[in-house]
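Below, each structure is written out as structure tokens.
Two complexes come next, and they have one chain in common, chain A, joined by chain B in the first and chain C in the second.
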Partner chain A sequence: MNSIIHKDSQMSVAFEQFKDKLYHNSFAFFQLIALQALGYLFSFSSSMTGIGDQHFMLSIRHISPIPLFIMSVIWIVVQAFGFSGEKRREYYMVSNNFTAYFSDIAVLEIYAVIIGITMVFSGPMLQLLAGLSSGYPNLGTTYDSMTALHYLSLFITTTFYALLFGAGAYFLGILRSRYQSFLVIGSIAFILLLITWSLLGIRFIGPGFNIGTAGVKQFYVQETSIMLWLIKIIGSLGALYGLSWLAIKNLEVNR
Partner chain B sequence: MIRCDELTKYFNGTRALDGCSFEISEPTLTGVIGVNGAGKTTLFKSIAGFLKPTKGEVYILDEQAFQNIIAAQNVMLTEDGMSFYPTASLHELIGSYSRFYPNFDQSLAIKLTEYFRLEEKKKYNELSKGMKSTFRLILALSARAPITLLDEPTTGMDPGVRKELFELILKDYIKVPRIILISSHYLGEMEELLDSILFIHEGKVLKHDDVEEFQTFLTGVQGAPKLIESLEDKLQIYDCKDFGAGIRRIIVESKDLESLSLKEDVMNSLTFKGVSPEDAFVYLTKRKGGGIDELYHS
Partner chain C sequence: MYAILPFAFILFLLLVIFLSRFFGKKISTKLSIRLMGVYGMILLLSPFLAAFATDTVDKDDGITETPDFYYQEILENYGNYSLENLQNEEYLKVIKETELRVSTESFSDDDPFVISTTGLNVDGWYDRDYGYTMIVERSDEVENIIITQFQQRGFIQGYEVTQGFEPWTWTLDHWGQGAGRLKATLNRSEISLFTLTPPPFAFQFDEGIASDRFGGSQVPSLNVGTINWILIPEDLPIRFQGSEPHRLIERDSGTE
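Here is the complex of A and B:
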């Protein structure tokens, strides 16, 4: 009996890869837990006072989920870099650039959703920890007034922001895989382009022209309309995914 | 099923393949022979759809191979540089491969893993070089892909295991006939299991023929130096050696020799010896002008 020829669709292969990547990267979830545990420590803004090593007092001023989110973002950035940099192994096990790309993006979406879920639960968790550790049960009262809608918006924003960071890291990782040493030249060219743009902006718009990180942060964070915010985020994600696809499209497997 | 049309591949200006053309449409066990750097691995990677041809094309099942999912599903490539999930055990890797290759015979993979004493709980990176090669070969054969490409499958193995694995390849091929391409430096050891040989040199396909053709391709002609010298002008010489004062031997193409239609008395004063495919490979790839001897005598 001869070997049978198979012609499965790209989507079915991509779905199989997605499951396989989730399975083989299950250890990453433990890394997330460890990083978030570290994040919880930094989430308590506290000060310690005392004389010598006998008398001291720990006072927690306030609690903030920001360090927790930063740790989660570090995690998704590392994972995205890993997916984009370690591409060879999946090609030996039935793959093409489309299925590899599609399954990577799908796994990163799941990771972002997990970050969103853990961030939703971080509020009550922080309150609980604050109450247990220092006897300040009323710390973080802002969480008490949060409605289901607030939690939903917290979930959506943290998920999308995590996705944005993940997509950015994935794009850079793919560029590194594809162009290797050219990435350094590309980065220098990009910086030169930014400088030229700034000089032209100041020359024609005036000294108020600003394209620094503060401007980027303002663009993504300060928005009053949820629809506009969503358009900005989804548009940026689409651009990053599109650029990643263009970079991976003709990538050869040769290292 | 495999068709290469003028396949050419450059890497940063360096030519790895230079207009390779050949076709394999029936199940065969083909040995891909060539010196280091001849272009064997580049050819395999091009067939597997990993590399984009600079010129020409590779077709798998009549479709362009590069990044083609149908080609990927029906081609199994194993090579030394193959990488696996670092945290996965051999058992998990077998499981993963069985999900991707629909023809994968998981029970065979497990039986072979046990037979070659590979611990299923171990991770791939924990194996020795020879064990890694064995495991890769187990995956490749168990996948039962219509096109199986084995690039140096016996790297790092001791001769005993090597012999067993060549036997295993043959048995598996008989059970499930398919296109199997094997590149190896041990042509002598695998010669008896091959149907055909694809001979690559400096990125070109020099010869693609049955093993029998390779076995009779070159002939050693031995005799008195004067008589041999008279033949040298009329034939393409692949090698020439003097054995003492009265005997000289040349290696020539058998068909060239036949075309000379030598007289019976000349034939009787010469001795003819067959050249094995392994020796033929050495003669065909020999550098022009000198060799190691010249290095030491110059």
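Here is the complex of A and C:
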């Protein structure tokens, strides 16, 4: 058995592993459905604006699929953590670090594409659910004014954002399985480094300088040029993948 | 509000990890794949279903927006308007007509008929978006009290908000011999609407729209006003209770 497989190239072994992981990890689909159902539920309570007093009240509910996206991101993060755990790799007889790494990343990319597709269809789905569930009049949707290009950009952006979270979680998971408890010390050191960097930046560069989640979000989300955005996203993904590969390269399998 | 998002994120992460440890072995691979297939089918069909199942507001394309505070304009130039004028006014909508029987003989100048707006709690309404106006007209053409309630038409993105208004309730109290009072009760109007907004990523590369979409949800501005036009018989002595004087116009159609 082993001899037959060993004739194959590493890529084809990785591809076999990828198919196998996709199939045997299909409980993830159940999790996705459960989480997205929760996401739809939260989407309905996203935000509300209104005017009025004790005699007159006008409220407008803004339903937006952002909670759905957050739930999907939670899903891919959980999956990435799961894949990066070392126990999964013991299952494969002919696995080495490269095939494990490659198949993990391929599965995560498929998952990200699934998230992208579900996000594209979340608009009609929300319209359907809103029409069925609430008795309120619908003021009309901005979805009606979306063109095919908007849907395309929705698909691409959500896929890449989800993949970014997945790759980040995978990298962290690899670090965890490699360095065990040192990861905690390492992350504390990293946070301290970031804080010091921010403090120094504020001291020497100016008050506008700050590193935070808002700044990171701005870096990706407020980029309207598609080329620059692709460079940013693919650069970040490449960095995360590269770091994961560096961490996994010399990792002892079946430790 | 957004500050709790990271905590909620981590909480859900832990919850999902915990639940998948718990349920992971109980749900078979085949069942998961089948469920995903069903979910995918529903998602794929949702555009078609949404086209049939949703009822969006029937939008009137020929809307002429009502001028701001139109009801106040009527209040100021009430002399130019009559009830028939107002009923045909395009900016106003009749939401209720009440007719109440009253016998003119039971009231005298010493013991007049009372029109009461106490308990309405309408102090300080002038600055708000919602105002009310009461116009009392003496007319020799009517024998009973006829109250017509108009609502200024208000639109939010093409939806006419006016149709959701609860009209005032006018009741006639009787106590003792001849004494009577017309009393207004204000019913609370609650209008709920919803809009669907796509995630901002959808417009990420559309520079023209991007600036609008990142602004967040906007508060609707709306000014709506109620006009209660009360026709009373000419020879009915009246007294007012609880209403603001400059919101109240009494006119004698006989002298005009």
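The definition used in the following text is that the second predicted complex is superposed on the first by the 220 of 255 C-alpha atoms of A that agree within 3 Å, B and C clash if a C-alpha of one lies under 4 Å from a C-alpha of the other, contacts with A are read in each partner's own complex, and residues count from 1 in each chain.
Going forward, a residue touches a chain if its C-beta (ideal position, glycine included) is under 8 Å from a C-beta of that chain, and two chains touch if they have at least 3 such contacts.
Fair warning: this is a prediction, and the values are worked out from it, not measured in the lab.
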{"item": "Touched partner set for A:Phe27, first chain B, second chain C, both or neither", "value": "both"}
{"item": "First (chain B), second (chain C), both or neither touched by A:Asn250", "value": "first"}
{"item": "More chain A residues in contact [chain B versus chain C]", "value": "C"}
{"item": "Partner chain(s) touched by A:Thr157 [first = chain B, second = chain C, both, neither]", "value": "second"}
{"item": "Contacts of A:Asn97 with chain B and chain C, given as first, second, both or neither", "value": "first"}
{"item": "Which superposed partner A:Met71 touches (first chain B, second chain C, both, neither)", "value": "second"}
{"item": "Chain B versus chain C as contact partner of A:Tyr40, first or second or both or neither", "value": "neither"}
{"item": "Chain B versus chain C as contact partner of A:Tyr179, first or second or both or neither", "value": "neither"}
{"item": "Those residues of chain A which chain B touches in one complex and chain C touches in the other", "value": "23-24, 27"}
{"item": "Of all residues in chain A, those that touch chain C in their complex", "value": "23-24, 26-33, 35-36, 47, 49-66, 69-71, 73-75, 77-78, 81, 117-119, 121, 123-128, 130-132, 134, 136-143, 146, 149-151, 153-154, 157-158, 161, 213, 221-226, 229"}
{"item": "Complex interface listing, chain C residues touching chain A", "value": "5-6, 9, 12-13, 16-17, 19-20, 23-24, 27, 29, 31-33, 35-36, 39, 42-44, 46-47, 49-50, 53-57, 59, 121, 128-130, 156-159, 161, 165, 186-207, 210, 213-214, 217-222, 224"}
{"item": "Residues on chain A engaged by chain B in the complex (per definition of touch)", "value": "1-10, 13, 16, 20, 23-24, 27, 86, 88-89, 91-99, 250, 252-255"}
{"item": "Residues of chain B defined as touching chain A within the complex", "value": "11, 27, 45, 49-52, 61, 67-70, 72-74, 77-78, 81-85, 87-88, 92, 96-97, 99-103, 144-146, 176-178"}
